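If you scroll down you'll find the structure; I have some questions about it.
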């Protein structure tokens, strides 16, 4: 090349000598924020992370990520009321990501493919007694086992699973799914002693030489409200009804069944009654639908199946074949008040679904242990007043769901583990929440949620076949890809693309990006156009550089 | 229904620059670690400059389409000044700046030379701002169109003479405050009924390809550059590039404002071949013009001291007319 | 090959033999015959590879040349008068970028009043544009200057204007030795650009240069023209060797050795001047003439050497620097600085007015006799302009002078 004309002709790319980073008053910084799904998950799942794996079709990695927090994905994918989806930011774009359906897909996929978890080769030598094999107990046992401890579960019933088996009807949770996931936990080397009711926890601990105890006896006793009833009136409780489906066989309910209560158990009872042949299943509830504790989806499915609802009603008297109902009115505080107006309701039986209590008889001789309103009081780390005795699940004050119980199990396991090592468990600081206003939702393609197929109605009212079907692989994949990855970089390259100064370096798959501060002018376009809110702008003087 | 749905959707893959799940061929050029960065770091454009962004988008795409063999000819203007102050240039491709009003002719000259030399592999892109394109360069551009010279001309439209301090151009929209259409007098800002649409003028030349795009639609822009580069003859791409300085917007809002221009209908995004509109980019989330106007200081006089609903309504009618004229809500209408 | 042809055609054919690769032109009288012939040669396939582009303006023509030249093509255009002015911005750009474009200017007056006839107002206005300006004395030289122009342009990376008088030369039919292709090929090597737009070796051409380097850039432009002072006679000599005739160079003194009075002129009028010189010499007048072929760069030393021993110098100007008078004169005076001699500026032949031998005789006689004022207008209708000046002095709304004068000229008939 000849000598170029002076000043007029320049060598390409020579502007690299001009470090425009000096212009900057703010700098972008990559951050991780707490996605609302993770934040809302009672089981503490890192939902976004397992969705991340699922998005690429790597279901096994997704499942393994899921299993780090929850040993029962196939169960949870059916029975969880998915507060994650309620919290999901995508609700404000179209519909929430079907996290629950993907979880189920992963759980089912794991069962189908026989994926297992390895127990640690080394053990701590510590022994933990878990009382109750419901979700809390199973979860605690699983996590404790993975932490290297020796675990024994004692279960009063003949089969493990607690309310998952004795409270949740088969049409919501097929038993082969439950069994498969319990078996996988047991395969880790957990000792399960069935039909073994612990009468006295301290004795059991001492005799068994257990270093710690996790109480997870649940709340399996149906509450009995006083209803004046004639001798021939047939009154039973929902827990017994649902429990009987697993053993002795269903009781005779008659063709007209009234269910008293407004919770999920009431819905389960009414829907079970329909399947047992009741032509008329009526839920009697003293408030209105919007005040019902039952989840919307449960109410909807019940209504679809022909369950009738009688709002603002209390049962004043039960006789053979009929009930006396008093109409209620809500006062200004929303509390139902009697009106003195009565009517009759034809009913061959009344099923009470008014809540459940825990059987705390095994704790009689533990003086340090506090009980309030029938619930065991625990500290932040789920330890009771008694050192080394922890409690979780339905028997402690919390929302009574499988998911909460699974979360308790995990949390207790971590605290028990720390306790056993003479330490305290520190979960670490949580990231700031990834709220919707931090996102740039424009970039998310329009993709309404996939709808899970449902069993045809005729079979729903006549069989206990599972109502809600799973997603097929492509639909699950689609659904996973609807995740907006709120608050965490998912390598969409948008920052790399929109920087007018080419000041973002792409570090390669899985490595994300960094800012070339030599050239970044601090315009903030990368942060503004980050779909998921994973970049923040910080004043230059505070950046500490 | 769901079973029939093809898994083609990769989270944000259709709108963001890239996505880890997409193959390289489905990523935008701007997502590629090996993109050419035709305009590289160290240029002196303002923070959040839409033109710097648009130029890199367009030229990187053109280079990709032409196997890197692109010569760019640049009109005088911000893009030229901020990229090549002696002794530094930010360009990484062969680049020539001649004058303000002659870029199309210079580009056509380069194309003529390449043709004479039989270099069909090397392609030419002419580029300039709206002033250099729709006003002072229009004669040369029209000549280039009319002769069907083998040049892709890209106009980066920021709707005023920004390089000289934000004076009105033929592309300045009505009511806009500029240094020569100030927000004073009975009709503050640029008057209604003046200005021109160069894409429509280009179409009247019946050249092979005319398209509009914005810096908010990276993939759309790149697709258009690729389509244009697949053709020979005179092609015209008009890219809306917000100017934080001239528009009085936050530097981080450049892409958002361009998006709003698109989503209001004020800036119709379409393509035309042989003088006929063949495709439009439909409005995805329609917004009233007020949402576009309000964040821009150049329209502040429409909101203070009093809300000029009359003027805003008039601008809304412009947007509505665009929507009707180009069928920007076509999908919605078809489905309703 | 010697042939009876039109000046424009001879130039066009010669240009074609120079193998230009891009020609962009816009028609304007009296340049049209040149570009018409070139367009025919390209379209017929006689000149290939070459792109002939019909542009929409002279501004576009020069702009296309800039692009084509920067892309490494040998590039040519032609224009005149208003067209030259319309491309002015691009002229400066081509020279500033150092692009070796060759352009023929068929010299013509500049309006208003509009006038299509010959003088040097157009190119003289561009004397500072950074282009080399060569003025042809006749059609043979007009043709011959083109291969030299390409040589110079490409060697120096500077654009070259070949100035030939409109109509007087462009439309004159005469016997002209048109070069052969082989001769031109032997004289003019293929274009090897100093800088070129090439994807394999990218550069940015046309940077913005601020106060820190602008002076140096301009100085270098000047230095290149100074280099041209050496190159022009060398190239002319090489041309003579290849083609066997003398054309071009910096200056052409005619009977200057012992001359007391020397007439300086550019372009086709030089032939007439020489004829008058011959006739006056026959009468014993010690008079000579000097043609300046290279007006830019201006050959100060050669002019000084040719004129320095004379007692008086008369510069025959084909253009008027309104407000001062002579353009060439100013340059000649610079060449003669420090030398005491009488200098006269004679503005002649504006807008195509014929410069007759009779008028020149009268003029030179006056000069030799010491009767010549410092600035005169040859064959000026003094009576007419006095009348108009009187009218203007009398009434502000005297109307446009051109109209008035035309009316007066009419009434004189």
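For clarity, chains are labelled A, B and C in written order, and residue numbers in each chain start from 1.
The rule is simple: a residue touches a chain if its C-beta (ideal position, glycine included) is under 8 Å from a C-beta of that chain, and two chains touch if they have at least 3 such contacts.
Values in this document were obtained by computation on a predicted structure and should not be read as measured data.
Farthest chain from chain C (centres taken as the mean of C-alpha atoms): A.
Located most centrally within the structure is B, per distance between chain CA means and the overall CA mean. If you average the CA atoms of chain A and of chain C, the two centres end up 91 Å from each other.
If you average the CA atoms of chain B and of chain C, the two centres end up 45 Å from each other.
Spacing of chain A relative to chain B, judged by their CA centroids, is 48 angstrom. Residues of chain C in contact with at least two other chains: 97, 201-207, 209, 213. Across the assembly, chain A contributes 7-8, 10-12 as residues in contact with two or more other chains. Residues of chain B in contact with at least two other chains: 83-84, 86-87, 89, 91-93, 95. By the touch rule above, chain C contacts chain A in their complex via residues 96-98, 157, 194-195, 201-207, 209, 213-214, 216-217, 220. Chain A meets chain B in the complex at residues 7-8, 10-20, 23, 55-56, 442-447, 450-451, 453, 471-472, 474-475, 477-478, 481-485, 490-494, 496-498, 500-503, 506, 508-509, 516, 518-519, 521-525, 527-529, 531, 537. Listed in rising order, the residues of chain B touching chain C in the complex are 68-71, 73-74, 80-81, 83-87, 89, 91-99, 101-102, 105-118, 122, 139-140, 142-143, 146-147, 149.
Those residues of chain C lying in contact with chain B across their complex are 21-22, 24, 49-51, 53-57, 59-61, 63-73, 75, 89-90, 93, 97, 197-199, 201-210, 212-213. Put simply, chain B touches chain A in their complex at residues 2-3, 5-7, 9-21, 27-28, 30-31, 33, 37, 39-45, 47-50, 52-53, 56, 83-84, 86-93, 95, 218, 244, 250-256, 259, 284-285.
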